[in-house]
Amino acid sequence: MSDRTSTINSNEVGVFTALQSVVGRYRVPIGALLLVFSVRPVVSMDLLLGYGAVANSILIWMLFAASFNILLGYTGLLSFGHAMFLGIGAYVTAIGLARFDSPFVLSALVALLVAGVVAYLIARLIAQKGEIYFAMLTLAFGTTAHFVANYDPGGLTGGTTGIAGGAVPAWIETERGLKYVSLGGFQFDWYFFVAAAVFVGLLCIWQLVRSPFGRTLVAIRENRDLARAMGINTYRYKVWAFTLSGVVAAYAGAILEVNEQGATLSLLTVQTSGDVILMTVLGGANYFFGPLAGAFVWLFAEDFLTDFETLVLPLEQFPLIRVDLSGVLSYWQFFLGLLFVVAVVVAPREGIWGLFRSVVKKAVDRIKSERDNA
Amino acid sequence: MSLLEVAGLQAGYETGQVLFGVDLSVEEDEVVSLLGRNGAGKTTTMHAIVGANVPTVLGGEIRFDGTDLRERRNYQISELGLSLVPEGRRCFRDLTVEENLRLAANHAEDPLSIDDVWDQFPELKDMHDRPSKNMSGGEQQMLAIARSLITNPQLILMDEPCEGLAPLIVRRIESIIKDINGKRDVSVLLVEQNVAVAMAVAERHYVIDEGEIVEELSTEQLRKDEALRQEYLGV
Amino acid sequence: MPETDTGERPGTEADVTDAALGATGLTKRFGGIVAVDDVNIAVPTGELRAVIGPNGAGKTTLFNTLTHALAPTGGEGYLHGEEITHVPQEQRPHRGLARSFQSNELFNELTVLENVRIVVQTSETGTFSFGLLGDGRSQHVDRASEILESVGLSRKRETTAKNLSHGDQRRLGIAMALATDPSVLLLDEPTSGLGSKETGQITDLIRTVQEDLGLTLMLIEHDMGIVLSISDRITVLNRGRVLATGTPAEVQANQEVQDAYLGGMKEEI
Amino acid sequence: MNEIPLPGSSSRSLSLAEAAIWSVLLLVTVLSAVTRPGLFVDQVLGGLVYGLILVLIALGLSIVLGLLGIVNFAHGALFMLGAYFSYQFMAVWGVSFWIALIAAPLVVGLVGVVIERGVLRYLYDEDPLNGLLATFGLSLMIGEATRAIWGGAPKSVAAPQILSKGMDLGITTVARIRLFTVLVAVIVIAAVYLLIERTDFGLSVRAGVLDREMAEFLGVNMNVRFISMFVLGATIAGLGGVLRGTAVGMDVAMDEQFIILAFVVVVVGGIGSLFGSVVAGLLIGGTAYLTPLYLSTLASITNIEAINVPGIGGLVPYLVMIVVLLVRPRGLFGQEGFLE
C-alpha cells in the first residue's frame, strides 16, 4: 500500500540520510522519469524486440491505464467506457487539426475541455449508482460515443474510416517512417516528446493521488459509509474523480492522435475499454506503477510473443529441447488471459507489480538477514 | 451420555478469539439456557456448534448424540436431529410461510406433517400463503420456530427468540418452548439476555462471560444470586 | 412537542430548542416494523446521556436516524436548537455532530495516522474540497498526531488499521469521531467485545475527553456498571419507544424499567 | 454545499406526456404496419427471435448473479461455444442437426463445470468486481482458444431440410429456423420457470438466493445446487448458441456482442428477476428491430430525412438501459438492496 504515497516508515527515517529521504519521498516521479526514457532502449535490446517503434504506443497506453486507475485503483469505480475519453482526446484534436486548421495546442486543449465536460455530465448522472449499474452505464455511454463517431455527424468524424489526412501538426516531420519534432530550429526524435509528455501526465496523476483530494478518494474506496459519516461528500468526490480521470485520458488521446497521425474508430470500441481494464488489473490496481507495468506487459507481449517462434532450452548454444511455438504464441491473448485470471483469483489488487514488489522485498530481506547473521 | 456435549470449545473471528474454552452439555428432554451480556460469546457458541461460516472453531470438542459435529458440514447437522432458530429469525423473506416450512421438511429425515405444525401454530395456518417479509416480528419468530420444529429435531438451539418482542408475544413464545419440550420431548438450548424468560422455561442455566462458562446453576440458585446477576448479566 | 420541564421526573425531557441534541416524534419504519417509534429526546449541553435497552430495542437505529445515516420516517431533529431534520449526513459532522460505530468501521487499508488525518482534513476543508495541490501527508498531521496522543495510539500511528487489535480499533474509531471536532458525540457501544481491562481504559478515555473538551455525549452501552457509573442521565428504550429517562438512581428505581429491561425478577409467570 | 441533486427521483405525474408518447407510438406502429406490412412483420419477428436469444443468455446470467453473486462475463463465451460446437458436430463430424442440438449444449455444460470448479468457486463471497474481472479474463481466453481451433473467419452450418425452407405468411416469407428458435426458446423459458417456481429443487434454490447459510442449516446442500444451476445456465446459453449459429452463422465477435446485450437485458429487467429478464429481452429485441422501421416511417411522413439515422438499431438497447436506469434505478422489476 505504501507505494502510493511512498510513505517513509518511522524506523527508516533514522537510517536514511536526508538525501535518501528526499529520494524516498519523490521516488514515484523519479521512477517515472527513469521509466519513460528507458522504455525504448529496453525494448530495442536484441534479446527482447530488437526494435523500438512500439515504445511510443507503450508509453501512451501507460498514461491511459494510469488515468483509468484513478477510478479503479484509487476510487474503486469500474468503468467499461474509459475508451470514450481516449477517443474524445484523439478525435477532437484531429478534428481541430484537419477540419479547422487550428494549432495543435489549441485543439488539444479543446479536446481536454470537451472530455472534461462530457465526463462531468455523465458522472453527475451515474456516480451514485451501485458498481454493477455504474459499469453497465459507462458501457452504454461508451457505446454511444462509438456510435456518434461512426455516424459521422456533419462530416466531422469521418465514419468508419476515422480521420486520416491532414491531422498531423506542422511541427512534426516524417523521414523514412520515423517522426521528428522540429521546434524553433531544434529537431529531436518524436519518442522524446512522447516521453516528456507522458512524464508530465504521470506527474499530474501522482500529484492528484497524493493530494488531500486523492487521499479522500482512497478513503471513499475503503469505506463509503464511514466516509459519509465523517463528513465527506462522496458523490461530489466521485464526480470529480471521474472528470479528472477523463481529462487525463483525453490528454493521452491527444498524444496518441499525433502518434497515429489521425483518429480511428477502433479507439472508441468496447474492446479498447476492455483492454485498459485488463492492463490495469494485470499490472496491479493497488499501485501507482501497476497499470504501467500492465500496459507494458500487454503491448510488449503482443509484439514479442507474435514474433516468437522457437523455444530452445536450456540455451541457444546447447540446444537440448527445441519447440516450435509460432503456432501457439500467435494466440498470445490466451496466455495473458490465463495470467490475468490467475492474478484476479490469487490476489485481485496486486497484479504483476505487486508480485514483483514482494519478490524484491523478500530478496532484500534475505540479504539483510544474511548480512546481520554474518 | 449427554445429547449435546461441548468441551473446551475455542473459537474466534478474523478480529480475534472470542471463546476461550466453553464447556456445556444438554441432556435429552431438557431446556437449558445460556445467559450472558452482549459480546460475552453466546451467539458465537451457537454458531460454532452448528458449523456456521463464521466463527472459526480453533479447538475443543462438540458432540451431538455421539457424533463429532466438527466433522460435519453445516448442511449435515439437520439430518442428525439438530436445528437452529437463529438470531434475527432469518426467515426466507420472499418465500411464503408454507414454502418456508416445506423447504425445511423436504430436507429432514423424518419430518412432521404440515398439519402437526398448523396444530401447534394455528396463527401461521391463517397466513400460509403470505411472504414472510410481510409478517410482524412475533409472527416471523413463530415461523422460525415452526421451521425448526417441522424437521422433527431432538434438540433446538434458539438464539434470543424474544428479542424486540412485546410482552404478550414473549409469553406466547415461552409457552411454545415449554409445550414442544413437554409434548414432543424436544430439548432446547436457549440463548437469552432476558433472565425472566430463561427462568420461565429452563431448568438449568449456564452463565458465559468473556468467552468462558463462569457459572452453572439451577433456576432457584439463579433467582437467589443477585450478586451474580449483577456481575455477569448487568441485572 | 414534549413538555417543557426541568427534566427532574423520569420520562420527561427538557425543551429541544435549549438542548445540544434533540428530537421530537422521531420515527423510523422498515416495512411493517417500527424500529424507532415517536421518540422525544433532549440532551442538554455537557450532559453524558446513556441509551440502554434490550437487544432489538432500536438503539442503533435511533443513532442512525439522529445522524441521518437513515432518513427518519417522521419527526424532527435538533442540534443546538436548530432544526436539522433534513440536513444530509455528510454535513452533520461539520455542524458538530459526530458518531462512532458499533462494529469497527475504519478505512482498513490505511494507516492509523491516515485514518485520522483524512477526517481532520475533511473537518477543516468541508464536505468537498479540491485540494489538488499540496501533499496529503504533511497537512493536518500535527492535529491528527495530537488526537492520537489523546487516545493513546501514538505508538501505532504507522500501523495499518486492519492490523490493529480490537481494542485499538475501538480507540481509533473514537479518535476519528473526535477528529471532526464535535460538540455532540454519539458513541455506539464503545466497549463491546472488549475485556474488562480494556473496557476500563475506554471508559476512562470517554470520561477524560468529555471533561477536557466539554462535549455533550450520548452513548449506547450494555454494561450496566459503566452506565451507572458515568452517565448523568439514562434513556431506556424498549421496542423503539422511550420507556423512561432519568438519573441512574431514578431509572434503577423505576418499576416499568425493571419489568421490561432488567429481567422482571419480581414478575410471576 | 450539496447543490447537486441526486438523479433518478422523478415523480409519476407525467400522465399527459406519457399519454402523448404512447399515442404517437401507437400511431407510428399502425402507420408502419399499414404502409409496409411485410417489413413490419419481418421486423417484429426479427426482434422476437433476437430478444429470445438474449433471454436465453440472460437467464443463465441472472441465475448465476442471483445465486452466486457473480457477474459472469464468460457467459457469452459459452453461448459462442454452443455455436462452434454445433459447427464441429455438424460440419466437421457430419452429425445431424437434431443430435447436435442436444449434444452441443451438453458439452457447453461440461465446460461450465470446468469454469465453476476451476475458477468461480474461489470467488464466491468476494467483491463482485473480482468475479466480473476474472470471468472477463476467461472470456478472453475462450475467445482466443476459439480463434485458434476454428480460425477467425465466420463459419456457418446448414440447417436441416425441414427448417431451412421458408414459410409463406402471405405478406412475407419467414425462415422456419426462426420460428423453431421461438418455439424452443419459449419451451426452455417455461421449463426454467416451472423448475424454479414449482419444484422442491427450485424452492431450495430460491431459499439459497435469499439466505444461503440458513438454507444449509436446514439441510440443503447448496454447493450441489449452485453447480447444477451454473451448468443449467451454461447449457441454455449453449443451446442459444446452436440456434443462433444455425440461423445466421457464427464468428468470434458474437461472444462480446451478445454478452453485453444480455447484461443490458438483465440490468433493464432488474437484477434477480427472471421475469424481468424475459420482459426486458423482448423489449430490447423489439425496440432494436422496430426503431429503424419507425424512424424511416416517420422520415417518409415528415419528409425530414435526418430522422432516419442509419445503424440506430445497435444503439437502441443502450439508450433503453440509460433511460430505464435513470428513471428506475433498480431496473423494471429489480429488488431493493440487491448489489447496490
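Chains: A, B, C and D, in written order; residue numbering restarts at 1 for each.
The criterion applied here is as follows: a residue touches a chain if its C-beta (ideal position, glycine included) is under 8 Å from a C-beta of that chain, and two chains touch if they have at least 3 such contacts.
Labels paired with UniProt names: A = Branched-chain amino acid ABC transporter permease.
It should be emphasised that the depicted structure is a prediction, and the values quoted were computed from it without experimental measurement.
Engineer: When A-D is set beside B-D, which has more C-beta pairs in contact?
Structural biologist: The greater number of contacts lies at A-D.
Engineer: Going by average Cα coordinates, which chain is farthest removed from subunit C?
Structural biologist: Taking each chain's C-alpha mean as its centre, the farthest from subunit C is D.
Engineer: Rounded to the nearest whole Å, what is the centre-to-centre distance of subunit A and subunit D, using the mean of the C-alpha atoms as each centre?
Structural biologist: A distance of 33 Å separates the two centres.
Engineer: Roughly how far is subunit A from subunit C, centre to centre by C-alpha average, rounded to an integer in Å?
Structural biologist: Spacing between the chain centres: roughly 44 Å.
Engineer: Approximately how many whole Å separate the CA-defined centres of subunit A and subunit B?
Structural biologist: Between these chains, centre-to-centre, one finds 55 Å.
Engineer: Would you give the residues of subunit C that are in contact with at least 2 other chains, written as numbers and ranges?
Structural biologist: Residue numbers touching two or more other chains: 90-91, 127-128.
Engineer: What positions in subunit D touch 2 or more of the other chains?
Structural biologist: Only 1-2 qualify.
Engineer: Going by the contact rule already set, what residues in subunit B reach two or more other chains?
Structural biologist: In subunit B, no residue touches two or more other chains.
Engineer: Taking the complex as given, what residues does subunit A use to touch subunit D?
Structural biologist: 78, 124-126, 128-133, 135-137, 139-141, 143-144, 147, 150-151, 233, 235-236, 239, 270-271, 274, 277-278, 281, 328, 331, 333-334, 336-338, 340-341, 344-345, 348
Engineer: Write out the stretch or stretches of subunit B touching subunit C in their complex.
Structural biologist: Interface residues on subunit B, with respect to subunit C: 15-16, 18, 37-39, 133-137, 160, 163-167, 171, 174, 193-196, 200, 210, 223, 229-230, 233-235.
Engineer: Over in the complex, which subunit B residues touch subunit D? Could you list them?
Structural biologist: Within the complex, subunit B touches subunit D at residues 50, 52-53, 73-79, 83-84, 86, 90, 92-95, 99, 102-104, 106-108, 147, 151.
Engineer: Could you list, by residue number, the parts of subunit A that touch subunit C in their complex?
Structural biologist: 1, 5, 7, 9-10, 207-208, 210-216, 218-219, 222-223, 225-234, 236-237, 240
Engineer: Under the definition above, what is the set of subunit C residues touching subunit A in their complex?
Structural biologist: It comes out as residues 67, 69, 89-94, 98-99, 101, 105-111, 114, 117-119, 121-123, 125, 127-137, 139, 157-158, 160, 176, 179-180.
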